[in-house]
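I'd like to ask you about the structure that follows.
Note that the chains take the letters A, B, C and D in the order they are written out, and that residue 1 is the start of every chain.
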């Protein structure tokens, strides 16, 4: 992944209860770190993705996760979680995450997470709102690929 | 994934503390289920992958995880975790996992997990042992693709 | 604790992801096991303690936990979780838990968990329902101490 | 608990994956927060309590935990974890924890955690070292009750 494309970053410190019997962060915990990155990303953009947003007719579900483990994170490591949206299609969007040791070039892991918007009443895929597309485009600029609904073309 | 290729299966019941605020199993927990499947798989084949095996010069690290989330698992669901090794290369092997609601065709998720053997003293990739290859081939038969080291060719 | 007073038991197997870097179950995980015991206890008695019960005006909150750690549980141990209600007062009830290695006398831990009933709208303590008292008394018999509301005296 | 007796404090922020289906921090997670407080306490005092210390003949095990839940912590809350040692006896010591919303008087919970020193080879209780007693007394002053071994009396 090209780190220069990431405009958002948050920090996370490895807690003692997140390391396993080998003294390193368990493979499932990295997913939690990337998720924390995504939540902070949406907060920074002013987009609600929680229970409130469900009441307003938007439900986002994670449909695919890819993680490359490059090096183990250890107890007390301070990590930088870089997060971005790389693409928005009709009903889905793709988020990328980069996990690095804070202020170093040491790469811990990479993540691609694909989400789909659902209608909470029918549970069927739903066109992503223009509000969401615009907020992401304004923040990401040229680094995000957005397919706009045809009625806007 | 082709379910008929899976020869090993274990069961897991969703525990109350594994569901999130939406009442469904958190996305990171499915990784734990697939991991449980792999551990039971190795136990069934009589292969040690724990601290003991490290003392004997073998350390297996997870380098890549892919998960497709097909449907949410819920509190108290009994799940079948199907596990197999699909390929063994020189220093790496690929494991696949299928998660289904017990005795039904309801697919919860799919997993591909790539592992590399390391030498515990140098932390560099190491040729997978013949013992490991033979045990897997005997169990999996034609459904596993194994590249044998050239000295055996 | 007097094991003969426990009439309910459920089983739980230690999972690989519940052991820490010392190879033993982490101290916080025992709380999850005791909680599983309580959930199964209520299910066996036909009492709802979930989101549904909140809609019907009952919310139970945990206000105190005591745990004695007697011996560590280890990966793959099959454990018996014994659970009972030892006392019901006006707005609170006390649950006890015993964790033992399955079909042995090896004691892993003991738990006392105090709960309070709240009115979901005011968040203030609320008299425990007669339905709850009767169901528990019928199951526990003489081993539970129940203070009945004075209007029933 | 008397907050004025606590001389050590660390901060912890509630993470999204630590809240349960009710939107509040799960009862077992508070134990993790208090544990984080204890680890930071020992680090501040320059005392090793990890794998290294075991090699030097000291193993500390948690034998009892008490938690009072006063109010729920919620996602994104910044919490102050106050930690102290209140007593050191021959082979055991008692730690106390106070969890409050950062820079407020809002009490989330209280913890008492009793530990015993073990000899790693025999697993039997062992007199706590003078180094440990002195470091704690120097930090805590009059607020800790220390029973010194008779040979020092």
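A few notes on this one:
We take it that a residue touches a chain if its C-beta (ideal position, glycine included) is under 8 Å from a C-beta of that chain, and two chains touch if they have at least 3 such contacts.
What you see is a predicted model, and the numbers here were worked out from it, not measured in a lab.
Of all chains in the assembly, those touching subunit B and also subunit D are A, C. Among the remaining chains, the Cα-based centre furthest from that of subunit D is the centre of B. Look at where the CA atoms of subunit A average out and do the same for subunit B: the two points lie 25 Å apart.
Centres computed as Cα averages put subunit A at a distance of 38 Å from subunit C. Contact with two or more other chains is made by residues 17, 21, 23, 28, 32, 35, 51 of subunit A. Those residues of subunit D whose C-beta lies close enough to touch subunit C in the complex are 21, 27-29, 31-32, 35, 51, 61-69. For subunit D in complex with subunit B, the residues that touch the partner chain are 17, 19-23, 26, 28. Listed in rising order, the residues of subunit C touching subunit B in the complex are 15-17, 23, 32, 35-36, 39, 51.
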